[in-house]
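What follows is a set of structures to go through.
Two complexes, one shared chain (chain A), two partners (chain B, chain C).
Entry: the complex of A and B
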């Protein structure tokens, strides 16, 4: 008998809620009031849910990129650097392009530019992995430190807005940003994020290209035996994965912030990695988990101000969920194995 | 020092069964101090299982092991070491990133400081006599394979071994290294150590051994003792051993009528390989000027002890391993520089021996695995989009045609039995325009029914006019199916013989390093 997948996912979340509640109680915070507050500010208040949906936009793009990479067996842990360089590219080019051409075209060009810049940033780890077999976990992590610093340097030295005292790029006027959905404050970047992740899901499950990537991910030796061009596919995976992280940066800048301030680093990438694992690299499940995570982080940000629980508690909670999930998976596997003859 | 020729370990009727295989069948032998006991046998003769039982890795199902005359169960490798049984395995068991001294100190209790000074004294005391004086501070990876083996022997001696098992220690050594090892082995025996020396090479057996036991299909088929070794000429001994190792058994259930060689098949070469060269890698032979041809409808058998470059040859032909020099022609087309996919399209198909590791993706459905080498090709993919119903329908046809026993086309391929995975791979490789099929150990790990079925396909494929390169370590299989048999040794073709009455002995001699 197999334990149903859904139970295996929901169960650990409930268990994690209880464990995280215990951690809160030890820290002297009433867990019930914390959860109620998070839920209230992240989901049940009109302003909160709109913020939550807006937050989903970049997270979905990053998740889409991670799904491609992880399913192809490539651990791109450099999404934060790729995201920030994409963001800076959009922030630097957006205001300039918007003055020169119709806004729609300008925004489109910004997206393309951010995607390319981030994809280019992944080229070095991609080539090292594809042709030298250098472990990409190390190289992408190192490149993320360099990328974050480079983004800062660009903001402080190159794309600095002379009109302000705080080091930041020129600000894209609100009317030139991505349109908002209906009468809400929700960015239309959300639609883009949804399209990206569904497209990635379909690509990975329904196309020959996606199947090739999955073969490389599941068994590199079988891929070689079947005659797949593993190095070229590897470079393509890096480019797509990083490109989507760069796109996420553009979505956040063109839809929400309008500029990049110095030292700005929301570190979405590191937060999304566990979410993608929770979703077992399934695009649709990832949408649900990104939604859940957005509620937790928006609600958690409010709760940090109100209840004094650090904002990073959201990550503590996600980590607990993952650990419980891993344990649950381990034990169900052992049970099902011991039942086999 | 123990007295010379005292029994240390006696195996009495030791039997070990694995599912479907009788690895050791009532084997009895005696390991004496001061004596080099050579174990000879082909792949699958049961040498490794015997070593595993002596070194505590496996336990016998039947029979007894006596150590110093007392029945003893050797329960673990640690126990074996405590009893004084040291093993030097074919592939070196040293940590390449540590120094020689650090490797020699491994295994000491973790709470003690490494006793380097003591090691230095003991290593010198033991090594100086024998001529093993490695630089203790050298990084292990900087030593040659022969030197690493010496370090492993030294390690066994530092642990006070009375019995030293050398498992195919000469297989990767240069001729010079083999000479040195032989001299060392003689010295060790002279000091009263008992040596168990496993090899495939008859010359080594006769040159270094005091006693030779021949294993075949799990049974001990003969023993030549020191008296015989000394009193008779080398040629008669060698021909006796060849007869023991390769002589035909009367009760072989798989025994088939030998194919008669038909010379007209070779007249029109389908595959022509010339001077193929692949550089050797650490621990693996490369290929050195390998040349042969295969005619239409011909089965060329490729014999040889496992690991002599057969896999490299298969991979170089399939395009998985780049050849540095040489040429490959298939039919009218030169395929030397082509990719794996282009060679497949040209009609060259490779059925790998590593069926689970590279032949299939175990987590993927049977249906996808059937088309693993055709991903993206119409009509199963249109404009790169998977046509699920077409794929499953076509998979269903192949599953019926090749009798792949699977619950459904969607079942993960890794759940099928070995025989059914082999059928799945066969279905995939025979599809659309196959001209030359490379079978790498096609029946390895299959049960008897599937083995016989697989051999029937090979006959049918050849009868249909395709060429076959049949790589196998099973001489009976090669004799039953091949038109000609090539023998590989150390990355070279040692010789090619017609499969006539004399082929058995000729191939056996070539495999064991003698001239045909």
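Entry: the complex of A and C
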């Protein structure tokens, strides 16, 4: 059954390429030359592919967090807010800590701090869901709107760098940032992202804790009957999932940007959701799809500058992937059911 | 002199609150109907932004706000139709499709706006108000409540229409049953899929009109991502209202006041970054969810597709 499985994965991507290409054609852009340009800038040029690999680092961390949440049946749609607050925490503490202690230790403490801040930010939706039964889709979305504004407030009022006119936090000197891999510009955050997603995959599939989470995800009532502490597990899922999103923020700041500017919001989280579904919440498959998405994302940013197709095209593309994927799964299920005697 | 200033100021504040509340009211009423019928409509944000863009095009090129509302409603219905096909008919996951529709329409409208207007943001003329005689002469409240575009009064009227539908009509009962116990409705001989289809299409129309109002009258321009979570606020309103349209109205006005305070504080020159003020409505939502979250009851079969004979 390997072939249909593969087809079910590649099919939606191809269908999305065609449908999204039609959107481009309607707008008067040649889709083939657009895709060729994206591929060229995101994958085939040495600078592009290094940027792509660097972009993967935060995306992998977010994907890892989403895999935990979705497998446990928790719809954490607030990763964007969690990511931003993690990023601000890293940007605020990084330059300070780097002055006080060895760089390695400073970076490590930043990671811990960002993870904690983001986990804490998810506590309210977690408690509401665990003990009051309030739908987490709504609360996490609301917390993202709040978190985006709060990140701006923090940058403007609390952590503003007085030395520059641009509203931004103090900048972590390049030599204090996460080391780059070998002779490339690829951040070592990539390694961290890979470790995070593989660890999450193994945790969810190979450990008792992962099994408990999956039982909660499959049927909270069954989990309750099995004697699992569902509320505590729910809070744990939120903390892990949000913590990884916060870690993603730290990885992006400490590895790439060095500071947070006001109104900076890459909104990775929403775009990673379809990627995680496409990977069927499998960590290894997610690595491959995060790579693909990063190509599209880096190439798309280049195309926005050169070809005048806004970055928002990527949103349209992932949305089509998501919908076609859901449809494809439905029809495969139908076909396999009709084959049963 | 200063007394006069406060009177005008208060009046403007309330006027702004109503203007901000109308899109939320329409979205909330729409979502309420969907949820009653058992469909959690996360795509409502997408329906609103779609309605906002096409509604803006209609008003801008057609020179008529009503054409804008029509465009908004039709776009909302078109998006809702996708939701109906995928979620109600085929029974696909409502959350996945909802996220997909919202992301897709946010991207699509931003893209379309870019190709149509590039980086310009043309402004519509101010909407002409329907002034209600006598009532509009009441100090402070008069100009704030009774000098709005006709659609505002219609939206408020809709609250009572909805109440009537839910309480007194066959359709209202069917909607309720479709969300609470679809199998029972099926046994009673009413088509569950059809009932849910009606609900989702109505949601689309209302969300689309709400989006068009937001762009054409609320802002007077269209900018990408203009709805900024208004659809999601509608979902919260529907959740907290526990199936009663009147509570959607009350909630929408409360949020409207919050949103209007945002602008008023800036006008009044209160020295606070806009970001702090922008957090107010969302803080209000979270506070309400903390206080009343436990009581926010949702239909039993919400989010579950209905297939005959499947348990």
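Throughout what follows, the second predicted complex is superposed on the first by the 338 of 341 C-alpha atoms of A that agree within 3 Å, B and C clash if a C-alpha of one lies under 4 Å from a C-alpha of the other, contacts with A are read in each partner's own complex, and residues count from 1 in each chain.
What we mean here is this: a residue touches a chain if its C-beta (ideal position, glycine included) is under 8 Å from a C-beta of that chain, and two chains touch if they have at least 3 such contacts.
What you see is a predicted model, and the numbers here were worked out from it, not measured in a lab.
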Partner chain(s) touched by A:227 [first = chain B, second = chain C, both, neither]: first
Touching partner for A:124 - first (chain B), second (chain C), both, neither: second
First, second, both or neither for A:208, with chain B first and chain C second: first
Per-residue touch tally on chain A - higher for chain B or for chain C: C
Partner chain(s) touched by A:152 [first = chain B, second = chain C, both, neither]: second
Chain B versus chain C as contact partner of A:51, first or second or both or neither: neither
Contacts of A:219 with chain B and chain C, given as first, second, both or neither: first
For the chain A and chain B complex, residues of the former touching the latter: 206-209, 211-212, 214-215, 218-219, 221-222, 224-229
Contacting residues of chain C [partner chain A, same complex]: 40, 42, 82, 86, 90-93, 95-97, 99-101, 103-108, 110-112, 114-115, 224, 228-229, 232, 235-236, 239, 273, 275-276, 278-279, 282-283, 285-286, 289-290, 293-294, 296, 298
Chain B residues within the chain A interface of the complex: 318-320, 339-341, 344, 350, 352, 354, 357-364, 368, 372-373, 375-376, 381, 384-386
Chain A residues within the chain C interface of the complex: 23, 27-28, 75, 77, 124, 128, 132-135, 137-139, 141-143, 145-146, 149-150, 152-153, 156-157, 270-271, 273-274, 277, 308-310, 312-320, 322-323, 326-327, 330
